[in-house]
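Below is a structure I'd like to ask you about.
We just call them A, B, C and D in the order they show up, numbering each chain from 1.
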Amino acid sequence: MKSRNKKECVAMLLAGGQGTRLGVLTHDVAKPAVPFGGKYRIIDFPLSNCINSGIDTIGVLTQYQPFELNQYIGNGQPWDLDRLSGGAYVLPPYVKGKEGEWYKGTANAIYQNINFIDRFNPEYVVVLSGDHIYKMDYDKMLAAHKAKGADCTIAVIGVTIEEASRFGIMNTDPDDRIFEFEEKPKQPKSTNASMGIYVFTWSVLRQYLIDDEADPKSQNDFGKNVIPKMLADGKKLYAYRFQGYWKDVGTISSLWEANMDLLNASSGLNLNDPSWKIYARNSAEPPHFAAGSAEIQNSIVSEGAMVLGSVKRSVVSHSAYIGLGAIIEDSVILPDAVIKAGAVVRHAIVAEGAVIGEGAKIGETQKAPVKGEWQIAVVGPGVKIAPSVVVAPAEMVKEDK
Amino acid sequence: MNGVMGVIFASDNENKLNELTIHRTTASLPFCGRYRLIDFTLSNFVNSGITQIGIVTRSNYSSLMDHIRMGRDWDLNRKNGGLSVFPPFVLNSSREMYKGKIEAIYSIQGFIRRSPEEYVLLSNSNIAMNIDFDEVMAAHLAAKADVTMLVHKAKTTTSRRLVVETQDGEVKDLYISVTPSSEDKLLGLNVYLIKKDLLLSLVEHEYARGHVDFEKDILMKQLGSIKMHPYLVKHHAAIVDDVRTYYNESMKVLDPAVREELFYGDSIIYTKVKDSVPTLYKENACVKNSLIADGCEIDGLVENSILFRGVKVEKGAEVRNSIIMEDGKVMENGSVCYAITDKNVTVTAGRTISGYESYPVVIVKDKTV
Amino acid sequence: MNGVMGVIFASDNENKLNELTIHRTTASLPFCGRYRLIDFTLSNFVNSGITQIGIVTRSNYSSLMDHIRMGRDWDLNRKNGGLSVFPPFVLNSSREMYKGKIEAIYSIQGFIRRSPEEYVLLSNSNIAMNIDFDEVMAAHLAAKADVTMLVHKAKTTTSRRLVVETQDGEVKDLYISVTPSSEDKLLGLNVYLIKKDLLLSLVEHEYARGHVDFEKDILMKQLGSIKMHPYLVKHHAAIVDDVRTYYNESMKVLDPAVREELFYGDSIIYTKVKDSVPTLYKENACVKNSLIADGCEIDGLVENSILFRGVKVEKGAEVRNSIIMEDGKVMENGSVCYAITDKNVTVTAGRTISGYESYPVVIVKDKTV
Amino acid sequence: MKSRNKKECVAMLLAGGQGTRLGVLTHDVAKPAVPFGGKYRIIDFPLSNCINSGIDTIGVLTQYQPFELNQYIGNGQPWDLDRLSGGAYVLPPYVKGKEGEWYKGTANAIYQNINFIDRFNPEYVVVLSGDHIYKMDYDKMLAAHKAKGADCTIAVIGVTIEEASRFGIMNTDPDDRIFEFEEKPKQPKSTNASMGIYVFTWSVLRQYLIDDEADPKSQNDFGKNVIPKMLADGKKLYAYRFQGYWKDVGTISSLWEANMDLLNASSGLNLNDPSWKIYARNSAEPPHFAAGSAEIQNSIVSEGAMVLGSVKRSVVSHSAYIGLGAIIEDSVILPDAVIKAGAVVRHAIVAEGAVIGEGAKIGETQKAPVKGEWQIAVVGPGVKIAPSVVVAPAEMVKEDK
């Protein structure tokens, strides 16, 4: 008689720390809960990729107050993760022994949850990051892992040789076996950048995690410790080449760029794909309304929004309000934000529930955009900007102003 | 509201909706860009805590089954209660379709009897409103009524409507009107709150005598013998019973005040979640006074219109005063005016569809013009 | 098995099950104390990763709808795929019931075509077995077959069975047998794996010529033109097609070896969870060689029998060689022998029901004897 | 526009510590996860009470490794708790600030989860214990709380004056307002014992928790600190009188007794109640089988069990096996336990997956039971007892023997 809880593959999603590089956007929420693309949150991408790849058991490792993610994920229904066994579990570091400790590094985060993984007795564990926007079939990567008889398979994406020194680079033999891993090399030998997506044979990883934890000198990090150790031991590590859109949205400018990529068919980021839907918790709002005074071009607008003003090259999220005569350009307006009449918002991110007063001016209101020199202003969640106040380009507003 | 169960009649008046209900019941008629009519009744029930719900179908109910699945989108996938869908047969093994509401109720009397609730809320599915049934119940109890019937103030038209005349807060007279009136009257919304036992005994009695029409054979006949309380719905309530009312009621929703009452009242209106992407406005988009669902791609002109999910309006195309249902496509320089196009209609490049405000043209499902 | 969708025919052969299927389809026939027949096929599908499943009903399908709800108990309440139940009409708006499997498949061709899967598994619902369809698919690919048909070794009886004659691992001949054989033959289990496109083109071709019988008009006719591979099911497989086989196949499950194969094989067999309490044995209980579901109360004698959920056997009562379905009640000193009592049958105090092993008596639902 | 996450009432279930008084039974699992009554676990009772009372948002506070409870509760489907918003959440003490800390007391456990509760913005919070067997409509208690305009309502059950000194006793005025609370009084003034079930008006409790946490002398316990403080402040505390079966199953003997109460209609513990079902995660087993050699009387037997021997006055849980000639009397056999041929088990609890070897003798094998003098032997989860070994009455076996 077989075990009734067994899963072939469990995914562990490293939802990261407080995401300090995203500033006010992650002041109250974990990075994966940051809104994206009008109706999504970042975590919708790995969760949707998992279920679309046939993986229905996911541990979400978060350092942060788990309540927001707990509530957003809920019973997992929006992602079809409300399964009889399995589903999505939020796993903050919990108290054990005397007190418990923060996740010291990526490897330690998985180490602290060995018992969770063992309950499903999986053969493979997929380790994912919580701050990337991409669509990927992990099942194909798993198939490659099995076909090679690998201990670890690492997804890589081709970057330019100039970019390569900003990434972890995998140097491989012609069969894609990794013989060397270099973290941000000055003289990169190849352009295979690690995407932070790993498939491990669980029995192998499990032992490495235990050994790594026992090593007082280790930083308990996959890239810095576990992968180099496995390479040194002659384990079979393979690169899995990914083609397609992939972007780390760990900074304000990359988050803004990824939103802009949605407006541009040639960016490669196409979410309107029935064969690979990205799911999100639905806000139960009526369709959006474009008033008689609205002007909207080259933009995306989501449900429940109300547009009376002008919107160009921008993302207007669900339940946002753009008042009469307001001008929104090259900006991302997050859910429930209110832009009052006559306000001007350019090159900015206006966070959830922020209120921009009448006639206020947010961000670059003069110059035309020059690629690579964008400076994105950010108005934090719930922040109220008084009428006619000016927020400078690249300014990050934490408090009412 | 643990003591109230709901019964929804999925099909009513559908003869008059002709082309729009060829492939579906009234209940699953698309409405307001992303909803089906039944979403309003289901959501009002769920938001008022009514979670034991039977839906009686009549015919063409595949689209309804597909829409409601097992009620997961309304949080109705429950162990106790939840949704029960009854096929359109009189009794279990027969192949005869039920003829009127009395027969429909009679055919599901076992379900009604077995349910632990004391009260039944009966509702047609051709109503869009946002209402808290807790208040209806409170009024019912306060009035010590036997039946509470929901009414609203409106003018009669040529549609068949139940006129409710009251005196001292009680129903004095009931009759059907098919002639337009110049002033507002109290019109029935076909929603009734009644004790289960009373309902079943009335239905049994009339059914045994071959009667099938709930309004005529029960309500009108019982005038004076049972206490009927009219409950006035003050917020917007839409009744859809023919193509003209469908068009007019849809267009009313372009008014922000009406939308406020329909969508931001007591109930959250749920519908089947389709996980569409947000709508993309392209270079040449020009959209005015329109309600636009997710998943559209717009590169043309849209004015005073409602676009359902996944509609494409190409460059140079124009959509005016129209309702374009899911996955409709108006190709380059196509033009649609005063029209209702059903799901998946394509207007090819340069073609024009044009009706009149008083007589909007209807293009049936899957047609290419 | 992401590339395979399933189609289950909920009704087949039910004429011969007479009293047991008056109120239900074959698919929802209670079996083994807590299951319905369709549980086995559904569970095998789900355990093999087949989650896009269509069920074609024919009539009396209320009990089936009630049983499967939207598949939550089988983990089939899914956004993509999951369960689709098709009403018994030919095409959408007609009221004609489908006549044979070809017509049934034809009537849901849209659903089959739209599903993203490449293969279709067709199955009747009158089969209880525990099988891993991954292995069937592997065999199908290895044999480069066009159709793989599941067969088992058994003697023919007077039941209508498809006999499969093979040569070199391929199907050589097919015919229907209704006469008892003295030796084992390969008999078809009415489960077929076939590419979607091939299935649809065969069905379309035959349906256009007025043919409706899948076995006769497609399989037998295509012998020699398409490659048919027999897949031998070695574990226990029960086919229920009349009252006698229902009784015999039920009794076989009292054998621990058969139970092992049916319940502890590749698939977990799921069913609708009813949250019954465990069974209570009272002072005078004496139960031998019997399968007892939860929720029973036993104070009498039970021997060589199967008790479904919620059965009561009172003091002095005796149940022998019988099948007592849900909520059955044998009152004081009542006696039941060689009988099948349908749901909610009461045998009043002192009464006796007695049939013969070769001819078990059937008491219909809700009867009081 | 109203808040879409609001819940009128949220339940917080104190799933307790390691339950040391239950010994080996709680060695690997939290107390609420201990099996009961053939197919249930203790936590099924408060969870089922909640959903039957219309409360669909439940925080389960556990000190212990959360994985087993996480997995048992899963998406909440067995209890109909797989709701679009709300559901059951397992909340272990998590790391915050520098390190995080154990729940110091019952009040501190709720205090640490104020953010969780606030997310649902409830008017009332029901605080429950995780080690009681009872059926109760919390909605009626909530109605009483509202009717009295109470700050706190405490469920009480009538006990005998002799028993009263073992409980927290509520002394009330004729209107059931509590004027005094005495913990285990030597000279009880009344027989209203607290059942450990509280309804609080959340705004009131929230402030008391914050004040209690700020008090360095407090033990952060409801009974010892919060309730006495509220009484001293003149807050409105009312007793809610409960009629019906209620038992604390925090000890081996009370757990055994509660199981035995299922066999006795006069005990008042009737689970076969369609109007108040107790839900449990289903084991997906076929019906149980009584072999030709079986003798079963005055017992309950659950699905998947296989009985070849003799079972008297006992509870046989799902998937348990009772071999040929084995004798089970006055005992509780937990799921998946195997009693081999000829073994004798009397006045014992045999835990999950334990194996009793052929001819072994467990517990009291001589004397007839005398009420009040039962001594229950316990064989721990997964423990293997070799053939013919004797386990004495009241012995607790932790390891193979």
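Everything below uses one rule, namely that contacts are C-beta pairs under 8 Å (C-beta built on N, C-alpha and C of every residue); 3 or more make two chains touch, one makes a residue touch a chain.
Keep in mind the model is a prediction, meaning the values are calculated, not measured.
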*asked:* When I count C-beta pairs in contact, which pair ends up with more: C-D or A-C?
replied: C-D
_Centroid comparison with subunit C (C-alpha atoms), farthest chain_ = A
*Centroid distance [mean C-alpha coordinates] between subunit C and subunit B, Å*: 39
*Go ahead and note the Å separation of the Cα centroids belonging to subunit B and subunit D.*
47
_Multi-chain contact residues (two or more partners), subunit B_ = 72, 77, 79, 268, 275
*Give me the residues of subunit A that touch two or more other chains.*
4, 77, 82-84, 277, 279, 284
*Which subunit D residues qualify as touching subunit C in the complex?*
37-39, 77-78, 263, 271-272, 277-280, 282, 284-303, 306, 311, 315, 317-318
*Sites on subunit B touched by subunit C in the complex*: 22-23, 59-62, 65-66, 69-72, 77, 79, 82, 84-87, 92-93, 95, 275
*What residues on subunit D touch subunit A, complex-wise?*
4-5, 63, 65-68, 70-71, 74-77, 81-87, 89, 92-96, 99-102, 115-116, 119, 284
*Contact footprint of subunit C on subunit A as seen in their complex*: 1-2, 4, 54, 80, 82-84, 275, 277, 279
*Residue ranges of subunit C in contact with subunit D within the complex*: 32-35, 72, 254, 256, 259, 262-263, 268-271, 273, 275-295, 302, 306-307
